[in-house]
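Presented below is the structure to which this report refers.
Lettered A, B, C, D, E and F in written order, each chain numbered from 1.
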Amino acid sequence: MSEFDPPRALVRDAVVRALREDLGALGDLTGVLVPDAAHLEGDIVARADGVLAGRACAAEVFVEVDRAIEVEWLARDGMTLIPNTTLARLHGPARSVLIAERTVLNFLSHLSGVATLTRRFVRAAEGRAQIRDTRKTTPGLRALEKAAVRAGGGVNHRASLSDGILVKDNHLALLAVSDAVKAARSLWPGRPVEVECDALATVEEAVAAGAELVLLDNMTPDDVRVVVERVGGRAGIEVSGGVTLETVADYAAAGVDFISVGAITHSAPILDIALDVT
Amino acid sequence: MSEFDPPRALVRDAVVRALREDLGALGDLTGVLVPDAAHLEGDIVARADGVLAGRACAAEVFVEVDRAIEVEWLARDGMTLIPNTTLARLHGPARSVLIAERTVLNFLSHLSGVATLTRRFVRAAEGRAQIRDTRKTTPGLRALEKAAVRAGGGVNHRASLSDGILVKDNHLALLAVSDAVKAARSLWPGRPVEVECDALATVEEAVAAGAELVLLDNMTPDDVRVVVERVGGRAGIEVSGGVTLETVADYAAAGVDFISVGAITHSAPILDIALDVT
Amino acid sequence: MSEFDPPRALVRDAVVRALREDLGALGDLTGVLVPDAAHLEGDIVARADGVLAGRACAAEVFVEVDRAIEVEWLARDGMTLIPNTTLARLHGPARSVLIAERTVLNFLSHLSGVATLTRRFVRAAEGRAQIRDTRKTTPGLRALEKAAVRAGGGVNHRASLSDGILVKDNHLALLAVSDAVKAARSLWPGRPVEVECDALATVEEAVAAGAELVLLDNMTPDDVRVVVERVGGRAGIEVSGGVTLETVADYAAAGVDFISVGAITHSAPILDIALDVT
Amino acid sequence: MSEFDPPRALVRDAVVRALREDLGALGDLTGVLVPDAAHLEGDIVARADGVLAGRACAAEVFVEVDRAIEVEWLARDGMTLIPNTTLARLHGPARSVLIAERTVLNFLSHLSGVATLTRRFVRAAEGRAQIRDTRKTTPGLRALEKAAVRAGGGVNHRASLSDGILVKDNHLALLAVSDAVKAARSLWPGRPVEVECDALATVEEAVAAGAELVLLDNMTPDDVRVVVERVGGRAGIEVSGGVTLETVADYAAAGVDFISVGAITHSAPILDIALDVT
Amino acid sequence: MSEFDPPRALVRDAVVRALREDLGALGDLTGVLVPDAAHLEGDIVARADGVLAGRACAAEVFVEVDRAIEVEWLARDGMTLIPNTTLARLHGPARSVLIAERTVLNFLSHLSGVATLTRRFVRAAEGRAQIRDTRKTTPGLRALEKAAVRAGGGVNHRASLSDGILVKDNHLALLAVSDAVKAARSLWPGRPVEVECDALATVEEAVAAGAELVLLDNMTPDDVRVVVERVGGRAGIEVSGGVTLETVADYAAAGVDFISVGAITHSAPILDIALDVT
Amino acid sequence: MSEFDPPRALVRDAVVRALREDLGALGDLTGVLVPDAAHLEGDIVARADGVLAGRACAAEVFVEVDRAIEVEWLARDGMTLIPNTTLARLHGPARSVLIAERTVLNFLSHLSGVATLTRRFVRAAEGRAQIRDTRKTTPGLRALEKAAVRAGGGVNHRASLSDGILVKDNHLALLAVSDAVKAARSLWPGRPVEVECDALATVEEAVAAGAELVLLDNMTPDDVRVVVERVGGRAGIEVSGGVTLETVADYAAAGVDFISVGAITHSAPILDIALDVT
């Protein structure tokens, strides 16, 4: 179990669901046209630069489809890939390999896409700030995508509403910052409190109330720099909101701790990965 | 039930799964900080140009979270959106709205992203060829993404391996084109047969064998044009493989029936949709 | 809740499963061809003589598909049907009715088929013995079929291996009758013990050991009569094994308490029930 | 994986469900009366003429119950059976074999019953027309029954509403034949359209509109013959509606392509299969 | 499979559910801090006097988490434990063992707690009456707790409402004892009928009606003794209602057959069991 | 939604599971003996001093069983109960009420038992330290029990391994305290780190490494006091390990922040709650 693996039960659920939707009621109409005894050998190959993620899912697909498929993995999650990197060699009954193929590639290419885009943001931040994910994930795939973010070098923000306190503008429309922090201390002691702030005054209020982290949403790097100086280490600072590969370095340079980027999970294009029959 | 809606049971499954992953074991730690009696009103608003999809999912989220949330929809799937289009007006118990918000937006923005990219391809093809989806979908969301493709004006290729015969290069490594078509006629009579072809000779073989559709993978528009002429209407023609918004018009102009594009499901960035509290 | 209804959760499970398998991933391709606003009215009608069962399942199908379908039931489980009996009147959105139709009819016709065949055996037994079902049920439908047996006037034998002690020949190959009864008394006190007997000697042994019921498998009515006399009321007597509508009266006349018939669940032809659009 | 096997995930679901309903909460009350160390050997044997189906389900039951049960299969799906054909030899822990027995037999006898009745229709049609199944399947068992139909030599009609376009009388009450075909072409291009016809005029309309297949419901063989001649190969022809083993040859001789028979799935009696302990 | 094991499918369900709730979305945050290659050896050890139950659950946890964990069991369900009894020795990948630890212990300690308290009641009854469980079990764990009761030497009352007829005061508010027994005979023949009685008159009525068992709720041992004498073996007798370890001997001495005790399932403190790393 | 409610989906899952296990395959054998039309009225009443929890579960049971049961709640989670407090008034179809009764009471009495024992510890701590739960919960009921702890006035420690970093002795056997804290900072930045310490030296090491919280396991109150002084506020302090109602005040007086008590979830006896038919 690597730190880039999601919990096994979640991997299994996702794989069974994916296979179910790809096999329908009659199974593979085309696959049964090839002889039952036929075997296939092939390589799973990256066709572009990127970072691998989703290996545990791919491996589970093969197990679910047919244990007679033998797979030798040559790469692990988090590894940097260049075009033509062979990720795995496999051979097995042709009908089984043909069933597994698309589902394996769908997992690998989507999750590696997430890891790859994450890595780009991480590199652009040049180590000055950490790249965090958000709850803006593809419905049903959060645990898998959060693991892919780790594989890409990012770090995980809260995994669910149950996994951290983040007071946002919509909450602050209904209660004051200090009351929110106080209520959080009382109901959920021992958990850090993060407060979204849209102005210096709110930042001051949050820090004064003892928030561990302030979240600056949709501020310019220059505005962020001012906040960083004013806070002076009394709380951590995170920025979010439309940060791009072009702007991430400026935010990182402004001295924040975290930059959270929804796009790494909700808008990452796939990494092109294919099965080459040999 | 519109033709852009996925089957209800699949909507419900996806929604329950998504809410479960977003609520964890303790529920919304932050939401319970606001007064139990507080109410919220808000608008779901598009922030960019695009096409709506996923309304049935969003509606189901609200129902699952709390029937006391009242939602009035002003837009339907397939509708063209411009920035600031209000999709829905809602009000309800604040804690419930805060729980529903992110999951609603994740469904709407992902599926509308799929519909939006599909519409772009459809427009670029200028009605000369139809845009089809593929099995390259996000694991677990195929039915929802295929419905979003329809909302975008695309048409659905097979939904699963059980839902159509497509003889690809990997099959042809194991049996001849004519044998494949013959076997398909015998095992699955009444279903059309599509054969992937990488050369004119294979096209001829497939058409001679009676295939209803040939799939040209990774050919140039010029090569495709030659095939179209040679086939002369004896079979339908589909192209696939790296077709982009830049090249789709050329392929459409080459006279094909279908252009299938994996990117509309596997690499569509989200459409920016938000909840504005009013 | 009538005594002919299976537990609600099991009804719901069966219905959701059935709808899921009938809707696939894309939903009803044909139904969406009719106008979204179209309505349908129709009657669910029996086309043959029989007994109704499965109404709770049918009702649940309509609810699951669309609460806008309104259904007025004119018959209840256990009721005798003659050709053209109207079971229910319904109207609702055409697309929804078309989706529900086949699944509703599959439940009603299968379960009414079970009830109908049961009733035939019950009538043939002329009240001298009770007709019992077995564990020879259609996989996944046991609770529903057992309820249909009750609707047909039969009674339920054990619903599962956990629901009664029945020592059969395969057990007796491994331990003596008296040891079996003794072990059953010790492990599962308070539960009646039934012992399958293929000879008078075994019957004697079982009765002597205190079995509450003996099961005579594949005996002739004459042999059964001899056993009945010998037992003289010291234990109940059940027969099973290839009892048909032709022979059931003879067995009943032989003085047994129960006649169990696998065919009522595993080989009942459907009762012809249709939806007539009006 | 043979062409007679349903998708593995569906086999596993059906098996787990069936075992669950047969084991209840306390497990096998009677089985635990035999010594824990006892072993059983036995043969699974056909008691009547028929065709085997459901082997994958039976095999999965043994795996689910106890991997220590060893099973050697001597027959495969689609094989013709005569009375006393041994299908499999097995041995294993007695308690485990006793648990598996009934569920194994329920699957084999039901699905082989379907295959057997299918084969009878296939034989009666003498190769002049193909026997197809319908959506009139036992709720929850469609994929398994459709596989059994293939094992019996029949072919599969659509597996679900999502898996083919069939315009029936209820649709035609709401829109014209030509409109239906046109709408189908537009919404679901590339998929064949079948139209149910109750009169020659409708047949003409359907063929003229370009339907690939016409479905003649409840016509006499003579009427069918007239239609076949009139259509003259412009479309395929299927008949359905009360076709029996007695009448199927006449329909086949009338020149149709397909004869669909609901009874092969909804009213097939079981094939008698038993476990003989040796 | 021992008589103390719950059905396998239920064990697996409970284990998967428990692991899922303990792993959340990100998995074991702390476990991944230790080196991936690290191994752990340990003993599962009882820290107090008691009776083992739940071994099948614990074994399944290890299998679900990682088949590379090797476990040698030294104790079986039903065995008497004294402080420092080693139940199992195990070794395996450290991260996997750390994941399994808590869930294994939660099952063992809860279920052994049930078995231990059951055994105390069994001992206190000195063999004069049998200790039975009730339906007052922890929601979702009934089958497991009923198996633990058997491990402790108790016997199982009905596992569900479907598993036995027990006419209680709430029923008798709505129909007379004799009517209840008569209805039960008619609807559910062959199943014993138990009637709850709060007065001698009701006992007489129940026995006269042919009830197999009378349940005396909340009577004193002296009152119970009177009933036992009056019934004189015409029916079995069970007592329930607040029987404690202090009073159970008196009830047993009063001559009843069964003493049912809700506390053995609903209020058993855990048995202290720990994993000692060696 | 109150802060004492678990997430709705988890409530529903637990309720459906519980009803399923209580209804078996045949449903309520005894309930159907009473007339179908009979109605019942009743009060849910506490029979002992305690704290209410589990109302959301109970309410959901009634909804799942029959929406025709009307329930008026007079108490809410967290409320103090004395003997004979009426929690709810209900009336509805007798058969439905009889089905719901036991499951409703099992949820209420178990979860109120947890809340009640929690409240006792909270009171004994006299506000000087907070009472926290642990991961020692009943398998499958963690979210519900953690909500009950909140209802009792306790606070929640981590809900799963994914929900907080707690370095325990087993981890420290494999890596040094400072390395553990450093690794945690790197992999899971922004999350507090807690370190279990068995000696003052380890406490020093943990505090020096920057741990936010130290966990003192199985220390005496006097030892704890020494640690508290030495730490001097540089980190929070939690104690655990065999703290009882007798000793909790001493620990609280020693100046710790949290006292975590496994017994409040794993060994809480039920609170006696009954349904009185009126």
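Definition applied: a contact is a pair of C-beta atoms (placed from the backbone, for glycine too) under 8 Å apart; a residue touches a chain by one contact, two chains touch by 3 or more.
Only a predicted model underlies this, so the values are computations on that prediction, with no experimental measurement involved.
Asks: For the homomeric pair chain A and chain D, should the interface be classed as same or different, according to whether the shared residue numbers exceed half of all numbers used?
Replies: Different; most numbers are used by only one of chain A and chain D.
Asks: Out of A-C and A-E, which chain pair has the most contact pairs?
Replies: Answer by contact count: A-E.
Asks: Repeat of A-F among C-E, B-F or B-C, where over half of the residue-numbered contact pairs coincide, is which pair?
Replies: Selected from C-E, B-F or B-C as the counterpart of A-F: C-E.
Asks: Quick check: how many Å separate the C-alpha centres of chain A and chain B?
Replies: Centre separation, chain A to chain B: 22 Å.
Asks: Let me have the rounded angstrom distance from the C-alpha centre of chain B over to the C-alpha centre of chain E, please.
Replies: 51
Asks: Residues of chain E that touch two or more other chains: which are they?
Replies: In chain E, 3, 7, 21, 23-27, 31-32, 99, 142-143, 156, 159-160, 162-163, 187-188, 191 touch at least two other chains.
Asks: If you look only at chain A, which of its residues touch chain C in the complex?
Replies: Touching chain C: residues 21, 24-25 of chain A.
Asks: In the complex of these two chains, what residues of chain C are touching chain B?
Replies: Touch list, chain C to chain B: 16, 19-20, 23-27, 31-32, 36, 64-66, 93, 95-96, 99.
Asks: Sort out for me which residues of chain A touch chain F in the complex.
Replies: Where chain A meets chain F, its residues are 3, 7, 130, 150, 155-157, 159, 162-163, 187-192, 212-213, 236, 257-258.
Asks: Name, in rising order, each residue of chain F that touches chain B in their complex.
Replies: So the residues of chain F in touch with chain B come to 1-3, 5-10, 142-143, 146-147, 156, 159-160, 163.
Asks: Can you check the complex and tell me which residues of chain E touch chain F?
Replies: Within the complex, chain E contacts chain F at residues 14-15, 17-18, 21-35, 38, 40, 57, 94, 98-99, 101-103, 105-107, 109-110, 113, 135-143, 159-171, 173-175, 180, 183-184, 187-188, 191, 263, 266-267, 269-270, 275, 277.
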